[in-house]
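Alright, structures below, take your time with them.
One chain, chain A, links the two complexes that follow: it is found with chain B in the first and with chain C in the second.
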Partner chain A sequence: MLTLDAVSKRFALKAGYFAAARRHVYAVREVSLRIAAGETYGLVGESGSGKTTTARLAVGMYRPDGGAITYRDRAGDLHEVGRSGARARRELRTRLAYVFQDPARSLNPRMRVESILLAGLRYTANWRGVEDGRSRALAALESVGLAARHLSRRPPDFSGGQRQRVAIARALMVQPETLICDEIVSALDVSIRSQILDLLQHLRRELGLTLMFISHDLAVVTYFCDRVGVMQDGRLVEEAAARELAANPRHGYTQTLYAAVPKLPAPG
Partner chain B sequence: MAEAAGRVGRSAALWQRLRARPVAAASLLVLVLLYGAMLFAEFLAPYAPTTTFRHHTHQPPTLGFHSRELGFGPQVQHRVLVDEVTRRYARIRGQHYRVRLFARGEPYRLWGLVPLRVHLFGTTAPYVDEEGATVQAASGADPWLGTGQAYPVFLLGSDHLGRDIFSRILYGSRISLTIGFIGISISLSLAIILGGLAGYYGGAVDWTIMRFAEFFILIPGLYLILFLRSILSYDWDSGQSFVVITAILSFVSWPGTARLIRGMVHSIKREDFIAAAQLQGIPALAIIVTQIVPQMASILIVSVALGIPGFILGETVLSYLGLGITDPAVSWGSMLNRNVTSLSNLRAFPWFLYPGVALVLVTLAFNFLGDLLRDIFDPYHQERARG
Partner chain C sequence: MRDADAGPLYDVTGLTVTFSTERGPLHAVRGVDLEIDAGTVVGLVGESGSGKSVTAQALLRLLPPHALVNVPRLLFRGEDVVTMRPAALQRLRGGRVGMIFQEPARSFDPIYSIERSLAETLHTHRPELDPEALHARSVALLEEVGIAEAERRLASFPHQFSGGMLQRVMIAHALAADPEVLIADEPTTALDVTVQAQVVDLLLRLRAARGLAILFISHDLALVGQIADRLVVMYGGLVMEQGPAAAVLHAPRHPYTRALLDAHLPLGVHYTEQPLHAIPGNVPDPLHPEPGCPFAPRCAVAEGRCTRAIPPLVAEPAHAPAARATSSVAAAAPHDPMPAAVTGIVHHRCLLPGTKASLAAAAAPGEAAC
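Entry: the complex of A and B
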């Protein structure tokens, strides 16, 4: 169970060298949310609304400037995300995993898929030697619909959809409980998009994953998630079950978002 | 697919460019030949670097190709010293010795393993001095000297002790040509680690390392080398001084490369795949070495090719000043130091400059090759070349 409690994050604005004081911009302001084990939580909002920052805070990539982020794992242990201790980080890494938006940028173009998959595992408590790592890499690759022959290829040899599958496989290598997906389908074209969503759906059922799913596509989120949070200007403005939100958006901003979904004329 | 195509395209482009640029192709050929000669120095050189012909000091190149007696073919004419002061030699009419391929000569061990006596070329005529007596063992331990030396053939002349300059150039290349590779690998490792850490961490680490590097850059290199050399002891054997010289040169040359690497690491670390690696908990040094450095492989290849001549010249400068390789070890720099001591010396015995010719050849070859590699790998240069 992932809990964000009044979390804020600000970034320093680039100021001139002689500027008197540093100025900040708040990317996330006092966001509180809770994702139960096994749940799929969607986070929507327009560009710059703080979705990605929230996700990166949740996985510990950024340290919050205010509030607390905690994670309770399946065994019931409570971890504090964003704490600096090396051991705390190491424990969290095998429970929380993160998938980046653009696989063309998040996979090192010069490395073979096998070394991409093994690179991170090597430094976790789950490392049992190269042989074991290789078989796990193969298992992870097969679970995302790729085959052994792909192990020796490099990311540029793959199509966009396949690359995102590799990125998901990398996240699955540590056998995480929770997967945080940051707009993982927005860089893909529509036909591939549904394949990746189906894959994620399948993995969620198979592995019992908890998912935090970030998107700006309301249709996808409504279809895919149990609960949805709506973000605007770094604040969480509305939170509801997906169907309820689609049927009856309360907040003005959410209504605007739904109104902005292009309506295609019915065929025929 | 794009990557694979790029790979094929790259090696194809290399061949295409080699054909389009004969100078670079010739450079590659020169380097291959010189390094090959370095490997087979014992076989290719007619004499050991320490073999002296006491009655043949300061002798100009002696190989001839025609005489009335022997007709056409490689041969040497017997020469006798006639002027002790100007070291002038007179040729004896009618006394010619054939230079044979695969002649038996001094015994040696190829690569320290295979005992052999055959050299690529040499004479089989006995070595006789002015009085007509066959010269016997100068140093008794050597069986070849013990049974009498063959009459010497000096392809590039002999030095002030009567040693064959051609043989010494070949043996000297073992130091002069390897110091570049060893030096550049030490200095590049230092540059990758220090520049990498500076670029990766930024902030105070960056500041400290780069100010340290700039301190080394701002001291004139030669004085720093001389200072470092002078605070270290003098009486070393050749192996030790080789190591020390290499270390000193590497120590002086890392900051420039470190600055280059720091800048590149600084930009590459913003990539998403580095963020992914950090998130996975991969240690900083492992990220730098396995993920960041391969991204700039092409730049590093170029900087290696262009950096090697610097080391070769550095060794030469040190040896020329008498602070580097000393007898009995031989390097191109130490040969110049021994022989080229004054201008009148040079005017009288211009063949003493042959090690310098070898040096210029190697330096130019590495530079031309480096230029070619840069044109292939560096996209900006490529565009300029096309446009």
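Entry: the complex of A and C
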């Protein structure tokens, strides 16, 4: 279970040499949320609303300026996310994994898929040597619908959808409990998007994954998630069960978002 | 609307564009016919690599030298664009035809103030204007696209605008020479949905006020459906289906259009209730195009003959009973969503159009490749 308790994060504004030290922008302001084990939690909002910063705080990529983030794993151990110790971080990396938005940018184009997958495992507590890593790599690749022959290829040899499968496989290498998916279908074509969402649903059921699913796309978030939080200007302005939010958005901002989504005529 | 008597503004037949690349010829556009009538909004929809942007660039001969363009007929108001002399081409580009692009922030020179860049555009097309007139015209243009305090904002630089505001400034640029057609290539893709709605409103307002024809290019069928009078659906460098927007959206003839509509996630659907309609397979590789229908490898109803040769574009009346699997006699069904007024001709490239295709497509949801 992932818990964010009144978490804030600010970044220094590089407004000028003298101003730099004093001016800040708050990317996340006192966000509190709780993601239960096995739940899919969606974060939705427009660009700059703090979704990605929240996600990065949740895996310890950033350290919060206020508040606390804790993660209770399946064994019942409590981890304090964002702690500095190398050992604690290696430990945490086996519980939470992160998938980035654009696989064309998050995968090194010069590395073979096998090296990409092994690199995701090497600096974690689950590293048991190259041999073990290779067999895990094959298993991870197969679980995302790719095959052994893809191990020796490089990212440019793949289509966008396949690249995102590789990125998901990399995250699965550590056999995480929780997957943070940051806009992972935003760069994909509509016809490929459904495949990746299906794959993720399948993996979620198979592996009992907890998911944090970030997207600017309301329809995708309310389809895919159990509960959804709506972010605006760094704050969590509304949180509800996905179906409840879709049926009855309460906050004015959520209603504005809903109204702005282009709609197709209802199917006959 | 301007003089609509002289036929279409743009009249394109058989456009093909091939890029020579290190890995061999890349067939980006493989025979596209397109007509844009005065004052109408044509929506060009397709996934990445379908050839929609390349088509748009070919309309203004903007393609780079390594693009081999072959087009038997490319007319703007009856004038041949292919043989157009440089001076006339200059008047066409940004003059009679305006163009806006996906990412406004990348389309501006960051060290030019808005006033300076607008003045440059205006001066190119209206060299007779003196500095005072340029300034007045610039203010008027910014006001027309809905920028408050236009006078003051002229002194600003691109980075001082938000994405949506900058897109408005770009539209002002495109309108500077009073074009007859505006080509908008994914103009809202980089914007948030609330801002997207504002930009679409603006485009529709300009179309009404100026009688502007718009070629609106997007990967988002729902968005294009909101703005377009006519829809052109591209896939694998070919037009799969085109016709009146309402007809294409309500009674798609081609399985690809059908599949795209099914893949669209309506608001309020939940995974616990409804599986996704995934389209198996991958988008076609323009380096190795299929000999037949480009959608055949992913199509639920494709037959052997679909893969042999590219099916010809056939014309059918838009109101023919078709498509919706739930209503066998679409025109008579009480809850049929098809508006009564839909008329015109739908062109599509399917050998097995209509009910059979839609039935099969509807019967095979959620077949993912994983």
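Heads up, the rule we're going with is that the second predicted complex is superposed on the first by the 261 of 268 C-alpha atoms of A that agree within 3 Å, B and C clash if a C-alpha of one lies under 4 Å from a C-alpha of the other, contacts with A are read in each partner's own complex, and residues count from 1 in each chain.
The rule is simple: a contact is a pair of C-beta atoms (placed from the backbone, for glycine too) under 8 Å apart; a residue touches a chain by one contact, two chains touch by 3 or more.
Not measured: the values here are computed from a predicted model.
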Partners on chain A (chain B, chain C) - clash or fit: fit
Touching partner for A:Gly145 - first (chain B), second (chain C), both, neither: second
Chain B versus chain C as contact partner of A:Arg110, first or second or both or neither: first
Touched partner set for A:Ala242, first chain B, second chain C, both or neither: second
Larger contact residue set on chain A - chain B or chain C: C
Vertex chain A, arms to chain B and chain C (CA centres, degrees, nearest 10): 90
Partner chain in contact with A:Ala219 - chain B first, chain C second, else both or neither: second
First (chain B), second (chain C), both or neither touched by A:Arg154: first
Touched partner set for A:Asp102, first chain B, second chain C, both or neither: first
Partner chain(s) touched by A:Thr124 [first = chain B, second = chain C, both, neither]: first
Partner chain(s) touched by A:Leu13 [first = chain B, second = chain C, both, neither]: neither
Shortest CA-CA distance in Å separating chain B from chain C in the superposed model: 5
Residue numbers on chain B that touch chain A, as the complex places them: 1-4, 271-273, 275-283, 286, 290-291, 294-295
Of chain A, residues touching chain B in the complex: 59-61, 89-90, 93, 98, 100, 102, 105-111, 115, 119-120, 122-124, 154, 156-157, 170, 174
Touching residues (chain side chain C, partner chain A) in the complex: 47-48, 192-194, 196-197, 219-223, 225-226, 249-250, 259-261, 263-271, 275-280, 282-283, 298, 324, 326-327, 330, 333, 335-338, 366, 368-370
Touching residues on chain A, where the partner in the complex is chain C: 46-47, 144-145, 159-162, 165, 189-195, 197-199, 201-202, 216, 218-220, 222-224, 242-243, 246-247, 256-268
